[in-house]
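Here's the structure, in structure tokens; my notes come after.
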Amino acid sequence: MTRFVSLVLLPLGLAAIGVVLIWTFYLAATGEAGARLADLALARVPETGVSNPVTSVLLNYRAYDTLLELAVLLAALLGIWSLGPAAPGFQRGGEILQGMVDWFVPLLILAAGYMLWVGAYAPGGAFQAGALLGSAGVMLALAGYPSAGLPSERLLRLLSILGILAFCLVGLVLMVLGLGFLTYPPELAKWLILLIETGATLAIGVTLAAAYLGGRPDHTSEVDAP
Amino acid sequence: MTTTLLAAFDILLSLTLLALAAAALTSAEPRRAVILFIAFGLVLALVWARLRAPDLALAEAAIGAGLSGALLLAATRRAKAHTKEGASGSPEGQP
Amino acid sequence: MSPDTLLPPAIVLSSLLPGLLIFFLKEKSHRLRTALNLGGAVVKLTLVVWMIKGVYDGHEFEYRWALAPGLELVLSADALSVLFVALSSVLWLVTTVYAIGYLEDSPNRSRFFGFFSICVSATVGIALSGNLLTFVLFYEILTLATYPLVAHRGTPDAAQGAKVYLAYTMSGGAVLLIGAIGLQSLVGPVEFTQGGILGDSAEALRPALIILFFVLLAGLGVKAALVPLHGWLPQAMVAPAPVSALLHAVAVVKAGAFGLIRVVYDVYGVDFAHANGLLFALGILASITIVYGSVKALTQDSLKKRLAYSTVSQVSYIALGASIFGPIATIGGVVHLVHQGVMKITLFFCAGNYAETLGIHKVSEMDGVGRRMPLTSLAFTVGALGMIGVPPVAGFVSKWYLGLGAADSGANWVLIVLVASSLLNAAYFLPILFRAWFRAEPGAWPKEHARRGRLETAGALLWPPVITAVLALTAGLFAAAPFSPLEWAALIAEREYGR
Amino acid sequence: MISTQLFYGGGGILLLLLGLWSFLVHAPLLRKLIALNVMGAGVFHILVATAYRGLDTPPDPVPHALVLTGIVVAVSATALALAFGQRLDRDDDR
Amino acid sequence: MIDSLALAIVAPLLGAVVVTLFPRHAQRLGVAAAVVSAAAALAITAVVWTDGVLRSELGGWGVPLAITLQADGLSAALLGMASLVALSVSVYAGGYFSSPQDGERLADDSRSRHFWPLWLLLWSALNGLFLAGDLFNLYVTLELLGLSAAALGALTGSREAVEANLRYLLVGLLGSLFYLLGVALIYTAYGVLDIGLLAEVIAPGPVAATAMALMFGGLLLKAALFPMHFWLPPAHANAPAPVSAVLSALVVKAAFYLVLRLWLDLYGPITPLGAANLLGLLGAAAVLWGSWRALRAERLKLLAAYSTVAQMGYLFIGFPLIAATAAGPARDNLIAAIVLLALTHGFAKAGFFLAAGMVQKTAGHDRIDNLGGAAQGLPAAAFTIGLAGVALIGLPPSGTFIAKWILLEQSLILGLWWWVLVMMIGTLLAVGYVFRVLSRAFNREPTPYRFVNDARAEIPALLLGALSALVLGLAAQPLWTLLGQGVIG
């Protein structure tokens, strides 16, 4: 009976929904929306301080979305920490993996730096860079480093909020200066974005690596005992 | 000519994508499902590169396929360890 | 805002604020609590006296507060509301004194007196309601505030009684709410107006209006304990005696009866109600209740239960008065609002005294109690004779006007009801009096408490029934004096009939 | 260009439905998470298709930015859900 | 120029940052951040009240490129309620997590550390959601809300709590995806994300209808509208009391707010009556089913959770009434009544859960049938439950009474008597479940009567109860003034 539902009835229902969705998507795509926001967004890219349009949107037009997104990452990390300590570390990887890691991790970190810088005018940016940093952490964890190369808890906490902190401080300072929250002056935009992106990259990197460990770093007790 | 070629490419890519998705979703063996999911993510990155979204292709490859995949893989490993040890799991479960 | 505007809310607040403060008092703060209780009661009484004089002189007391667009809280005073306010304020003062004595050294008094004060505030609010919304609002608050009093003792009996009470009154409240909103959705905000509010719209909406009348009747009938909605009242007698006094005389059943009077006279208008047979239906219902309550009272051995069924019966005199077309019967009904209250509270105080002093709960245990507790028994006798309708106690006056009004409007069947009911009253009260005065004292009382002082029981328990008994006598003897309940009821009837 | 949009948009919808089916049918947490991720990928795919404006015109950067945000949210949620699962497993072990 | 809208979101966010940085001082810093956050949000409510709608286009790009924040009367009303509830919960939490409890696993100190940053993130998401004027931005706030809420709900650490909140997390993600799909469709069709701009161009038709179905579907899942409520009772009943309060009073309310917002701003005018009737029908089912289950619940917090299911139902019964009423004062009254209902329930349910937490802590459990002594020994908590109960039932003088009166009156005027029937049955069932609890406060054993036993926990709860049962009922008129800013009139 359940098999019948899951293999016949449900797919039939979903297929019906699919037909409606495809039809409406067809209507939507062929309707009169035209260029949508594309032309406007592209036209003003030169004013944003970066030349990669996606970065313009992420860090300038819709920077506020990105701020909240960093908050989502932080929430996930804090949630993971609240659920308990990390699982016991993996067994130390073999010699070959060790050797690879010694090569690979510095390379990933370098690549992350490059990705961060290049994001201003070419594909890349804080998220991709942060992801590379996070991958470096995953590598280290796989190779058997129990803390995935992450620093002490105090520093880890600092790094994980760096993106939000940079965003909020820049936003508030600009607001107090009378420009409005997250309204960059064009001549400074490039550097402010880079500043925020640097913070965000570090935050994303450590967050993803810490999330991979799946729990509070196990040196909690020694660092943060009351 | 190029349009036809492109169309063929589009169809091939999409079919691969859907096939990988379907395979990942129907695979009952966790590890296999996750590996198929990673492959799916990588092909998706390729499709997005084709759709002129290189930023997204990079992000999907690194985050969607890479890190999510790594997270899920780690979970399968833990789950395996858990089912091995968990056979004798005590019911009270309180420290 | 002039004093005239603020007087009605001030009367409500005079008991509400002390009540709220009392909740926060520690159990031991006996004096402060007593001071708040009595202070509130005295302030309230003073304000009420001021209001009586004002209404008599034709002042308009009206306070309006917008709750939401189209929904107004209106507190105002007309002759009818002043009558009810005066009744509840006087009896509240007496009951507070009684309750202080009754609950001496028992637990959770802060909780008790807090809700007790809210109860009276709600009753006064009902009395002063200037529109149906306000009436419903205070009516529901009254239900809510009496629940903790009924449940106060925490025994399984009390829990059960409270549950039944709640089930009845909340359902009644819901029905009343529907009726009130239904009426408002038809004719707009329902402001109580002498002669009714329907005016020209009445004919077009007649069927809906008639249905709504019965909906309102069902809602109000629960508190007024009309048969078959009376079931909660005998069950609720498990409450402490001062609460019974409150339920039966001061607040709850009175709120229902008062609501019926309001709906008949100031919402529908007596002419419309008469023309469409609504009065007749109400009269039938009231008559059935009167007879049924009395018959049930006959067989109760529990003293409080017998008194409870007596209430079922007696409160319906008020409804009966409202249901007879003509000012004389109206006088009888309205004045019974006061008379029944004064007499019934006396009876419950006395029942409480018997229970507290000698442990007597049953009629069959009352042999010779008159000699042991003469003052209490004297008060009880006055109340009982009044209920039967023996002159010169107040009850006689009510019945006299009811009968006269019925004869005057040609409703002779009502006379039969009155006579039958009086005979039944006599049948269940006279044996009690006989036992109390003419039977010999038993060897030992069921559970006699140590005597305190020279009096037959504690002073705070003894004087309230004596005072209310004297009031019941006075109201009968000096019925024709100015500002007597009867005169006031006549004023109300005159204004309602506009003649 | 419209046809490409429609083609890939349709693909996105199919992914979404496949994922939804799997989410509803399969109980294990891991499979539910893969299903949610495939569903998310479907929605992102639709946005990427919407952004596409042909080989010669630069695409709309706004949906791209939205998708980037979405990807990060998705990985955060996956990580958190896995931590929940891990916690439950650990409780079983004890 | 101070952008008070951005400030209301940044204040709790920075608070979360600070408590993350200094976990050892989480308690003190957290309460301080709560005070600042509440002040920032209440300032918005006050300014909207006096000066009208506030609007801010972040980044200085102007619509359609920029994300707008907007506070009209509706946002301001919910923001105000949320701030007061959140502040009370913060004060309460300060005491709650600092004393040991039965059945809790994590050390309390560590629970407090985890509570504060997540809670402030959740608060930030709430403020962001109430102020957002952009469809995609709403998606991000929804995700932030969902993730932090699920993590907070699992803080008790019991297996039931973790399981229930994992389910809540997954359901929330599914809902968000539906919502996002709707947004994608909207963007494909209309090319804008700003709600104000979209309102100008959106037209009735299959695209708008499908987008609405998708977005509403996702949001209703999050609002736990029957039959999508299955996740709520276990998640809310097993969370720590201050978290339960937030989840029931604010988080589901946020999803409802969004439905109402989209309905009023976008979809109401272009949607057939049938859709509104469907919402009403589900609402009615929620009222009946939720109340019934609350009546049968054995645990106090489970009862409260089912009551939330029921109370959310009332809110949705408003939609068919709004849809059937022509624009004008009557419709405005309905809208205001629904908002009033939502606000009252927010205060009442928060107070209820906080008080329930006190009772549970004292008794060591929350099985209703065995609560006697604990309830009588905690007059303030019992009183709070009483006040909140008055509001849940809809007795005067609670805000619910006024709101229900308006809803009932309009139903009768429209001749839609079946909604009346549902509301009255729900009300009577609520009498049943509320008094089932209250009857436990009357016990034979005398207890040393002290009204307030733990001021830090009881006073906030009591104030919330009083707000719902007294203030909102007797002083609801200002809500009409507030909603007059851009919503009604």
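Note that the chains take the letters A, B, C, D and E in the order they are written out, and that residue 1 is the start of every chain.
Going forward, a contact is a pair of C-beta atoms (placed from the backbone, for glycine too) under 8 Å apart; a residue touches a chain by one contact, two chains touch by 3 or more.
It should be emphasised that the depicted structure is a prediction, and the values quoted were computed from it without experimental measurement.
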Intersection of contact partners for subunit A and subunit C: E
Shortest chain-hopping distance from subunit C out to subunit E: 1
Common touching chains of subunit D and subunit C: E
Innermost chain by mean C-alpha position: E
Relative to subunit A, chain with the most remote C-alpha centre: C
Higher-contact pair (C-beta pairs counted), A-B versus B-D: B-D
Remotest chain, subunit D as reference, centres from CA atoms: C
Between subunit A and subunit D, centroid-to-centroid distance (C-alpha), Å: 15
Separation of subunit A from subunit E, taking each centre as the mean of its C-alpha atoms, in whole Å: 30
Inter-centroid spacing, subunit C versus subunit B (mean Cα positions, whole Å): 77
Touching two or more other chains - residue numbers and ranges from subunit C: none
Touching two or more other chains - residues of subunit D: 9, 14, 16, 21, 46, 50-51, 58-59, 62, 64, 66, 68-69, 71-73, 75-77, 79-80, 82, 84-87, 91
Subunit E: positions in contact with at least two other chains: 136, 140, 143, 147, 150-151, 154, 159, 162, 181, 185, 187-188
Complex interface listing, subunit E residues touching subunit C: 329, 332-333, 336-337, 340, 376, 379, 383, 390, 395-397, 401-402, 405-406, 408-410, 412-413, 420, 424, 427-428, 431, 435, 438-439, 442-452, 473-474, 476-477, 479-480
Residue ranges of subunit D touching subunit B (in the complex, touch as defined): 4, 7-8, 11, 14-15, 18-19, 21-22, 26, 28, 30-31, 33-35, 37-38, 41, 44-45, 48-49, 51-52, 55, 58-59, 64, 67-68, 71-72, 74-75, 78-79, 82, 85-86, 89, 91-94
Interface residues, subunit A side, partner subunit B - complex: 52, 54-55, 87, 115, 123-125, 127-128, 131-132, 134-135, 138, 208, 211-212, 214
Complex contacts: residues of subunit D adjacent to subunit A: 2, 5-6, 9-10, 13-14, 16-17, 20-21, 24-25, 46, 50-51, 53, 58-62, 64-66, 68-69, 71-73, 75-77, 79-80, 82-84, 86-87, 90
Residue ranges of subunit B in contact with subunit A within the complex: 54-59, 62-63, 66-67, 70-71, 74, 78
